[in-house]
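Notes for the one structure printed next.
Going in written order, the chains are labelled A, B, C and D, and every chain counts its residues from 1.
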Amino acid sequence: MRQDLITRLNDNPGLEVIDRDFAHLFSSWFNRGFLVLVRMSWSSPATILEKIIAYEAVHEIMGWDDLKRRLDPRDRRCFAFFHPALVDEPLIFVEVALGSDIPASIQTLLEEEAAEDFADPAVAVFYSISNCQEGLRGISFGNFLIKQVVEELTKEVPSLRTFVTLSPVPGFRSWLFRALGCGELPYLSEAQRNQLDKLRDQGWSEDEADQDAVQSAILAAAADYLLRAKDRSSRPLDPVARFHLGNGARLERINWLGDTSEKGVRQALSLMVNYRYELRDIERNHEAYINHGSVIASKSVRSLLLAPDKSRALVPAQR
Amino acid sequence: MRQDLITRLNDNPGLEVIDRDFAHLFSSWFNRGFLVLVRMSWSSPATILEKIIAYEAVHEIMGWDDLKRRLDPRDRRCFAFFHPALVDEPLIFVEVALGSDIPASIQTLLEEEAAEDFADPAVAVFYSISNCQEGLRGISFGNFLIKQVVEELTKEVPSLRTFVTLSPVPGFRSWLFRALGCGELPYLSEAQRNQLDKLRDQGWSEDEADQDAVQSAILAAAADYLLRAKDRSSRPLDPVARFHLGNGARLERINWLGDTSEKGVRQALSLMVNYRYELRDIERNHEAYINHGSVIASKSVRSLLLAPDKSRALVPAQR
Amino acid sequence: MRQDLITRLNDNPGLEVIDRDFAHLFSSWFNRGFLVLVRMSWSSPATILEKIIAYEAVHEIMGWDDLKRRLDPRDRRCFAFFHPALVDEPLIFVEVALGSDIPASIQTLLEEEAAEDFADPAVAVFYSISNCQEGLRGISFGNFLIKQVVEELTKEVPSLRTFVTLSPVPGFRSWLFRALGCGELPYLSEAQRNQLDKLRDQGWSEDEADQDAVQSAILAAAADYLLRAKDRSSRPLDPVARFHLGNGARLERINWLGDTSEKGVRQALSLMVNYRYELRDIERNHEAYINHGSVIASKSVRSLLLAPDKSRALVPAQR
Amino acid sequence: MRQDLITRLNDNPGLEVIDRDFAHLFSSWFNRGFLVLVRMSWSSPATILEKIIAYEAVHEIMGWDDLKRRLDPRDRRCFAFFHPALVDEPLIFVEVALGSDIPASIQTLLEEEAAEDFADPAVAVFYSISNCQEGLRGISFGNFLIKQVVEELTKEVPSLRTFVTLSPVPGFRSWLFRALGCGELPYLSEAQRNQLDKLRDQGWSEDEADQDAVQSAILAAAADYLLRAKDRSSRPLDPVARFHLGNGARLERINWLGDTSEKGVRQALSLMVNYRYELRDIERNHEAYINHGSVIASKSVRSLLLAPDKSRALVPAQR
């Protein structure tokens, strides 16, 4: 019903009262205490798995073979929240990869197979979080999901030390070219501006030399975008950043060539970001963010702002 | 938490605000759609069955053998509502006996074993409904429970035609003696008043002759109590009557010697009542009750009011 | 272990003793009383469903979409036997279609969707039975499976009156051309023989006229093959016939153009057969088959033998 | 069926052939691989728990409250083997107590409550093993059960170091008095013989002084009985000793006043025995027992044989 309603809100602003009633009711019905965390696996019912395929909103799942690669290997996990009154419908799910390092590229992560000698992974990577129910828009589950999955994994895999995301930066490219057009971004050199102009006009080049030339400009601008750009409510412009920073994560690393898919280039000129969830800091980070609008970031990310002409990807990009 | 709170309400009226908040929240959390109907049986976990023993509030269950007699025979059923977030805690349960006739005595019903040739019972008797959670006071489940059990039984036992209760009349005795003391009850003869005075002063006699003498007086007064006595809100004085009439049931029959236990005599001078749930009339009865305060009763109950001196139990009492 | 063993039997005849021990042990371990019938559905675990895809031995399942078409629609069923000690491994499964008529063509059956007004189907068609475990070769489950599925469906869908198979005739083509080469099949006219020779040499023609010309010859020969051709133990030559006739089914109908796939033409020149399971006759048919080698067949099938020159498909083929 | 058969074997020796067939079939049907270990708890179905009460063959369970004391506290466990084809029927079960010491008295063990500061128990005591199915007589499950429970508990309670039984000595008393009557037991002094004669004639005295006087005689004789007394097949006379020694356990300790119930005194003059399961020795002990008839016993038990006049309970008896 609410899904229907939402499609008509634009044309019928009067319906917003009803939508708020729905949201109020649903935030009570779908409160944290009722949600059930379930591990999705290759043993889950096909009727649910086909919904995972359909609802994946970040990195599309290309059919059942691809799904199996994300669920079945011993270095992969997927967890979903269910509500007891909706037995066949996941509310939200997160896909996780276990490994030895913080990953810098989604293509590498999706393609890689677990090493022969895979054992005792130290790093858990949340590389995709998808909300499933349009009718529950505005009822937030992601925060709880990440925290409960961290707990769950800590119990199941005691060797884990680090919990990070590999996240998109959906608003970066359009922000960058708008700011460029308005003559902002004073820290860029004339040469860098020209290169970015060229990039905007001619598109992403497969030529590595060209990419290298703009890399430092893009990384400096990305740090600016993530650390300084704010919306009217003084919150970060980037919606993914708002979500993870609001949950108490730290902006850990910006990855050049993190997502070289058409979508990754279109949204963020190939950048992806790691947000890090450190249990002992979550509460403090969250408070600083909520009360003072502070964006907690690692030193290396902050350094990108200081010496923009030397900005380099913080890890060697894997091609 | 609310259970604790409730015990302090009398001394701290200021806490009532909090209690109302609880009630509001719980009526959302425990709304009908979330409740799960579960058949309690001898195969249910002991941890839940011991709660059935503890929570039975109408006709005490005397240990595990007695419990087995109420759950296991093929002419008995017990159904409970559970909430998904409270896996071990029934919220409310109802005990049911299947048979061929509308029963007139709880002692007979509890002691009787299914006939050898028991098959295709026509009557389902709800003889005990108990709320389990003091902390959910005021959140009403009984109405839904009865209706869903009627549906469930209709599917499982297609021969069923009649759904009735065998219910106590908890407020009758104290109402009767108060009215007697005030000189009310004009329809009673002088002899009947004297007999009731004697009954009040000397207690319930095991002497059948004595009992017979007051039977017609008591039945007439009971019909008066159930059909006419109202509280300030113009609802029936008797709480059990309010519950079943409000659900859309009909007052079907008043049973002399329906409950000869100490409690039955103390509360209602041995009377028990059958309320009848007829699916096609429930809605109409409910509307009449809510909108006009009408107490829907069978002709035979109404006739007790007209000729009080001849009032007789509507069925031969089984002793 | 036995699966391994079986692959070596040919080269090591001495291992047959061990194989017989396995077979003896497994027939005890996998006896009827331990098998659990489970309905396979779109809600079954993917890990089991992918085995259904892999094990289907009669009409290949082309991926997950095809599987869904065979499990999910309301006019389809699939049942498997499991053993409690092998939770993820079906032992044997059968695919069923519900409809209003005995089907004549597997292509039509697989492609057809349930009619809009599908309700109260009268016919259940077993169109594929696959054994899953090579290691259980010789331990027979099919008989029990069919009977238990008949019982199960009778309860679930009371409108069902007829239980038939739509079965392949795997040995027909090679038998036919061998017999033709040896100058057998005296009931065929010279013209028919020439047509069959041409068919053997030039392959199956898409030309309907050509097909019609040989249809009566092929049907007569098929009736001969199924009703009269015997192996050394005096049992029917065709293995599928042996299975269903041994279970007590009746040879109901031979279908021209029943399977026009490459495999169907290669094995049986497009013929498929319906075997019919009539509960009240099963025992008698089975006894007649076992004790006297009788092949119980419908009148229409038997009539194909009598007037071979006029043999026509018993139903209009659906193209 | 076999249960019936067994009752008739005595009068119909010819039925033994059939009984052997049953035993052969059942040892295949109930082989180790099919048995499912299930923890019995207060959350188990009442229908199964009432069978635990009924089948307990060593230390009677006095109703549901007693059962709860054996299942529910955090220092108690109960495990049973089930067969998938007999869902409601345990085949065998064992009751376990967790604690800090090897217990010397069943009364103390049954009455004691877990200490307030109970944590990290070092000792698991198997104090009762009961076979449930007369029809499975001769099909041995106990050995597997103990080993699997040891594994299970090792996983669940990593602090456990010691696995012992607290076991009855069912044949001791009658063996002792028979040997006494025949003038055997040369290691007893005249005074000890007289005391035992008195004990036999006048029964067990509540007088502690009397008991102390015979204690050393009884303990020496018990060591003799358990270490030396053999049946015709050169196996230990005591059936419980045969079972645990055959499983590879070691005779660890003999406990004076281990079972002061009427049954304990009648069978074994209050003695109970601890057999110890040490995983690394089980195989070797088992081999020594099977191949050489060796009774593996602790030094302290063996020492009872050497200085019988000074035999004392190995731990201070708890009264």
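Please note the rule applied: a contact is a pair of C-beta atoms (placed from the backbone, for glycine too) under 8 Å apart; a residue touches a chain by one contact, two chains touch by 3 or more.
Bear in mind the structure is a predicted one, so any value in this text is a computation, not a measurement.
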item	value
Neighbouring chains common to chain B and chain D, by label	none
Label of the chain whose CA centroid is most distant from the centroid of chain B	C
Same vs different contact residues, chain A with chain B, by half of numbers used	same
Whole-Å separation of chain centres (CA-atom averages), chain A against chain C	53
Approximate Å spacing (C-alpha centroids) for the pair chain B, chain C	62
Contacts with 2+ other chains: residues of chain C	none
Chain-level touch network, classified as line, ring, star, complete or other	ring
Pairs of chains satisfying the touch condition	A-B, A-C, B-D, C-D
Complex contact set, residues of chain A against chain B	25, 28-29, 31, 33-34, 36, 84-85
Chain C-facing residues of chain A, complex	42-47, 49, 63-64, 68, 88
